[in-house]
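Contents: one structure, followed by commentary.
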Amino acid sequence: MDISFYNYFLFPFLQMLLLAAFAPLVSGIIKKTKALLQNRRGADITQDYYDLRKWWKKKTVITPYTGFVFMLAPFMYLLSTMLAAFLLPNMMSNLTFGDIFVFVGLLAIGRFFMALSSFDAASAFGGMGGSREVYVATCVEPVMLLAVLTAILKSGSTNIYTMALNNGNQINVAVVLACIAFFILLLSENGRIPIDNPDTHLELTMIHECMLLEYSGRLLAVIHLASMIKNMLFMVLFSLIFLPIALPLAIKVIITAMGIALMESLNNKMRLFKIRAYLLATGGLLLLAIVAQ
Amino acid sequence: MQTLIYGMLGLPFVFALIAISGFFSNRALHILNRIIATIVGGIFVEMLMQISPGEVFNSEYFYLDALSIWVLLIVIVLYVASAWVSKSYLVREHKMGYLSRTPKLIGRYYALYHMFVLTMMLVLLLKNLGLMWVGIEATTLISALLVSFKFTRSALEATWKYIMVCTVGICLALLGTMILYYAQLTATGTEKALSWLWLSQHGDLLNPSLTKLAFLFIFIGYGTKVGLAPMHTWLPDAYSEAPSLISGLLSGALCTCSLYVLIRNLIIVIPTIGTAFIMDLFFVFAFLTIAIAVPFVVVQRDIKRLLAYSSMENIGIMIVGLGIFSSISVGATLLHMFNHALIKFVLFYIAGTVIQEYQTKNMMRIHGMVQEAPHTATFLLMGMFAILGMPPFGLFFSKFNIIFSLFKNGQYLLGSLMIFLLAGILIGILYHVMRMLCGRAKRKAYADLLDHTDTPFLAVLLIGSIALGMGLERIPYLNSLLLEASQIVVGGVHL
Amino acid sequence: MEQLVMVLLFVAFLQNRIMDLRKAVACLCLQSAIIAGACLISGLANGNGLHSVLPGLLTILVKVCLIPYALFRLVGKLTDERELVADINTNYSTALSAFFLMLSYVLVDKMLPGIGDRDIMASSMGLILIGLVLIVMRSRAIMQIIGLMTMENGIYLLGLAMTEGLPTVIELGIFFDVLVAVLVLVILTNRLNVSFMTTDTNVLRRLKG
Amino acid sequence: MTDYVPIFFATAVFCYILGCFAVLIPRKHQLFAHYFAQVMSILGSTLILITAGIYLLSGETALLKVAFVGRYMLAIDGWSSVFLCITGLAGILTSIFAVDYALAYIGKRLRELSGLWNLFLLSMVLVLVAQSTVSFLVSWEVMAIVSFLLVNHDSEKRETWQAAYQYLVMTHIGTAAIMIAFFVVGSGSNGLNFSELNISQSETTARNLAFTAAFLGFALKAGLVPLHVWLPNAHPAAPSHVSALMSGVMLKVAVYGFGRFIFDFLGPVDFWWGALVLVVGLLSAFFGALYAQMEKDIKRILAYSSVENMGIVFAAIGAGMLLLTTSHKEYAVIGFTAAIVHSFNHSIMKSLMFMVAGAVNHAVDDKNIEKMGGLAKLMPWTAGCALTGSLALAALPLTNGFIGEWLMFHSFAFLAQADAGTGVRLLAALAFILSGLASALALGCFVRVFGVVFLGRPRARRAESAHEVSRFMLAAMLIPAFLIFVSGILASPIVTIAQHVAEANLPDLKMLNEEHLLIWGKDSGMLNYDTFVLLIAAVVITIFAWLIIYRGQVFVKRDVIWNCGTEPTLRQQYSGTGFSKPIRRAFDFLLKPRREVVFLQKENKYFGRSMAYTLTIPDRFTEKLYIPLQHHLVKTASFLRRIQAGSVRIYIGYVMVAMVLVLIWGAM
């Protein structure tokens, strides 16, 4: 394992940019498949790029009460997801410093700053979004760690790269259970349908959307880009570690995108306090997976 | 040496007669009292010079060895301290009003006080067990007069109970001494009747079952005088109704004297009965004493009764120390006696000052002493930490050794029970003192009365207890005295 | 000597029965007289000279004359309650005294199997416990003093019977103590009578807890 | 190098003692006394830090004699020098803070406060260097008394002295338990010095009794769950710099004591010992974080967060002990290293946050966070430090709070992989669940604290008049904020030192030095958390982001917040209680919140009734465990008082009964 500059720094950086570039495309695919499933034409796959460019040009409107956290939060959200992308193993170099707990920790930075920003605008809805985000995070975190534990038990080490190496070789009960559980985790972490409806603006139901209410212009674009990257990250992680099919990465990501779209069109948003029982069940699945290991 | 003893006993007696005669004015009496006390202290120090710890002084009626010197030291220290402090106490009492009714009361107080100390010194010096009993009975009677000094209704009640229970106890002790004498008669004939020296050397000749019966009576008799559990009922009443200085002396000196007499009898009896039965007897009564003290400390209104029950608890610890009967534990018990006497005297004096300041004994009505009377508050806080056995003060070290020897003896459960009982005591005492010290003052305190004359004495006593605890090895004379005394108790007398 | 101990036991039982103050003091005086007699007899029997006679004379002086005189003067002063209202009927105290006598006999047999004068030891222990019963059962201050004195007499008798007299110094000490004890008790009862207007100790209940 | 250590130590103790004498300076120059005492404590703490630093950096493992007091030897070894480091560092920070903060107490016994402050630091140092039972217990009790006096400083208020009373009673019970543990160990071995104390041979009942007593005592002093009730009451009552030092250092001294017992005295570890410590640690982490989110008083929040972090430290120790009993013995080092590192980091974070709480309290003089808001604009520097502190306490990467938790997660992972049967694996799963919940709740709690206190609009009149703190307080806050990032990023040296200390204490362990725990740098290390690379990536991204997003950005300030069209009032801004509402509903079976709704007066039958809604969340442990216990104690006590019933006859009856019983007992 030669620790050269390329292997250690350049390739992960390139991979990060690659992921950032393709993230809007994947979310476009999800929207497109969802539209087709509900047999309407839906917007073009690259619609998200246009949205980002539109927001990019607009001026940002801020309220007089905002402080430095309001400005800092979008950037920190983007930074944490980028760093998380930086940690993912890439095809070009087999480096070993991508630790799963650091990955979870970095995502937590993003969540921390988004929840903080919801306070800064001194509006009612911001606080509501922040408190719900923290509530969902509290329900998700233990289940996420259990999923990480199953992956560790399967691969024998906490490094994402080694986890990815020995995935997809055999299908048994534990692997299937872990796969289903992580898929549910993916949905809840990125604010997909069963937990939170991504494309609604109804004040009372939205969780993720609430926190962005006060943002506009370029800051809004940054936040959307960051959440798209986070979505992309989870899909890559899911397909790398938990999806037992032996196919190249890109196809696997598209399949997961299709799966998400299918899931979203099949059922609707759950009541807020049902999430606790829902994630408890996923935790139960994972416990079974651990015991069956 | 003989003349010194006669001088030491004679002086207080003479002063008592002078004081009772009413010949001198109050101011002269105060000064004279201090002079007499310091002279007696001087004589005692002179005696210490002449007799080194290992030596023994033996005469026709008097017997002085390391153990009696140690207890005599305690009594003399308290005697001098309370003499110097009583002037300001009596003057305040006079100002408070009740003393001003009859003029000669201060004279009577000094007379009884000096007689009280005289009888205690007598008990410690005598060789004959019978005469020791007479001395103890005399202390009871004189201290009864002192307890009923104020002749209020509750003082009368307390004195009546004090006399009845103690005299009943003392009668039992007399019976025990008689049976012991009978055992000595049947074993070794009539000469040297009941002389402690003779009995401690020939203890093993006595008939075991007879001495056991005798010791049972002696234990219950002197146990009442010390304040062991079922016979303790007089203790809280007497300590709470007596004038503060006297209750300080009662709990510091008198209880130590009765414990001294109990130890003297214990040394005689141990060779024949053996330690097994004695240890169980002492443990049962000691743990009963501490257990009974806990509820009364937790729910309590009167400040002096609180201190009385904490004395009971310390007595329980001393009896446990004696029960284990190893050289460490007996040494720790003797040290505990000294520390407890010092600290309890300081605490009773402060309690007296607090009662005079707030005109009430009821702790529920005393608040915010830290603002009202900061001087008294600091001493009360230090006294409380001392009596609860917190480290810088001496009680912690003696308590530490006693409990450790309890564990060394293998009784883990008893040790843990004792530690948690002491924690219960802390819960009670700490709560009441905190109520008094903190919070906003509802009742205006009379003034911060702890003035400049008596604070140095209290400070000296507290620092003395710290020195005794922390650096006993450093004090040359006391350390060897303590070791010699505990050797006497454990190893039997070796002349 | 044994017969005198039996008589003293009988008088102690009688003491339990009496309710009236004056009669009780008289009974105490009788007890002390018996003790003095026993003391004189044992003194003269084994030795002559002042040493043996002194205790007897002292008992007569102190216990037969001085103490009853003081108690009679005290009883004289209590105008209203010369007659004693018996709150606890006397049968309980007699039964209890009998039980204690039996108990002391059992104890002496258990503890000291083949002792010489077994019944003197047992009866004196019984006498002391009867004294205790007397104090516990009576609420009058004077009756409690009398109970105390019976205990003293019991112990003194034991000392006399077993050991043919203690050394004189101890003898003197004990007499002196008994005298001072009664003196203090009488002073207190006077004070009690002055401030509480009665000598019934049930009044002394304020110091609780 | 190490022969200077005794000189440094002696001068440090001398400085502290000199500081204690500030009490004797007359009242006129109390300001001079205060400054003198604080300077002395800063000097003393720096010297202590240097002594510990020299010892640690020199890689020494043997016992180093430092001083002699009477016949008791004072010495330091690896384990105690780590905690000396903590004491020194936290001592310096809080003393600098106290220079300005304590001026608020000018009228109220200021000299006593500063004098006791030095005595407090001195007693903690003595506890750490004591080498015999007597000196350990003496300095332990002195530490308890002095902290009690400091907590009880403004004793006029009722809840202060009651909190102080509860604190001393519980600490005393803890000391009693520790005393029992020492005595059991002491009676098993042939002496009372630490070198002789070892009962690995004596039979299991004695060892079990010693372990339970020691764990009970030290858990109570560290504030683990069932015994934590004194902590949330004592900290708000104490002045801020005192509670900063108490939770920063005093809780760690309990960890030190527990470590002494586990490593030296009790010999080989049983399975159920490790399981008990792990489970209690996890429960404290979970409940600490949960209650931290429900509290309204800022210092109570920080106190509960201390309970959570001490839970994490003890969970790490528990995992280490469990790993000792499994086949992978060498991985146990990770658990103990996690405990050491997290104690060190937590002391910095927590003292920073208590200083922030003190500064906010000083500015707004109200502890209730519902009355604050928008302080970031008025107190920018304090807000910055508070943000760093919150980041660290929420255990986010690139800050030092993350290192300890990350190592703990790894020890749980190794525990799961150790093939010791499904029981251990399920225990590891439980560990993951509870520690996951705890870290998420901690994140939520510090979002809530920072958001409600510093962001948005001021919720009460007083919050508007807040002003930035003076320079000493600010300096005292900036240093730990800077340290948080430094020890967060340059974590590797700290972890290697901690690992050496842990290995020194577990001698029978296969030395792990060929593939030691590498945090930063080359790839040979087993666990890899490359802060340096992450930092470079972050810098590069920041440059890109600055160039693209923020340069030339035009901000339009418009006085409109979307509030469904109405004008937003102050009260519509989210409050702390509102923020934790979903969590409260999710865990209501645990919290059992008590809600009272009172309809005040009815103007109009149909609409417009004004009502008062009060919500209280009682601490269940106090509710279910301590209040009934106290009630029964007082009830039995008042029942037993009937013994002293007052009549002479009953008393003499007692004597008679005692006499008869003793005679019968003698006869048998």
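Order of writing sets the labels: A, B, C and D. Residues in every chain begin at 1.
The rule is simple: a contact is a pair of C-beta atoms (placed from the backbone, for glycine too) under 8 Å apart; a residue touches a chain by one contact, two chains touch by 3 or more.
The model shown is predicted, which means the values in this text are computed figures rather than measured ones.
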item: Dominant chain pairing [most C-beta pairs in contact]; value: A-D
item: Distance between the centres, which are taken as Cα means, of chain C and chain B, whole angstrom; value: 31
item: For chain A paired with chain D, centre-to-centre distance based on mean C-alpha positions, whole Å; value: 35
item: Gap in Å, rounded to a whole number, between the CA centres of chain D and chain C; value: 69
item: Chain A and chain C, separation of their C-alpha mean positions in angstrom; value: 99
item: Chain C residues counted as touching two or more neighbouring chains; value: 111, 132, 135, 144, 201, 204, 206-207, 209
item: For chain B, residues that touch 2 or more chains besides their own; value: 160-161, 164, 168, 172, 212-213, 236, 296, 299
item: Pairs of chains, among all present, that meet the touch criterion; value: A-D, B-C, B-D, C-D
item: Chain A partner contacts - residues on chain D that touch it in the complex; value: 374, 376-377, 380, 383, 387, 391, 394-398, 402, 406, 409-410, 413, 416-417, 422, 425-426, 428-429, 432-437, 439-441, 443-444, 446-448, 450-452, 454-457, 522-523, 527-530, 533-534, 536-538, 540-542, 545, 549-550, 553-564, 568, 572-574, 578-583, 585-586
item: Partner chain D, residues of chain B touching it in the complex; value: 160-161, 164-165, 168-169, 172, 212-213, 216-217, 219-220, 224, 230-231, 233-234, 236, 277, 281, 292, 294-296, 298-299, 368, 370-371, 385, 390-392, 396-397, 400, 403-404, 407-408, 410, 412, 415-416, 419-420, 422-424, 426-427, 430-431, 434, 437-440, 470-471, 473-474
item: Contact footprint of chain D on chain C as seen in their complex; value: 100, 103, 107, 110-111, 129, 132-133, 135-139, 144, 201-202, 204-209
item: Touching residues on chain C, where the partner in the complex is chain B; value: 111-112, 115-116, 124-125, 128, 131-132, 135, 141, 144, 148, 151-152, 155, 158-159, 162-163, 166-167, 169-170, 173-174, 176-177, 180-181, 184-185, 188, 191-192, 195-196, 201, 204, 206-207, 209
item: Interfacial residue positions of chain A with respect to chain D in the complex; value: 1, 3, 8-9, 12-13, 16, 59-65, 67-69, 71, 74-75, 78-79, 82-83, 86, 95-97, 99, 101-102, 105-106, 108-109, 111-112, 115-116, 118-128, 130-132, 134-135, 137-146, 148-149, 152-153, 156, 158-159, 203, 213-214, 218-219, 222, 272-273, 276, 283, 287, 290-291, 293
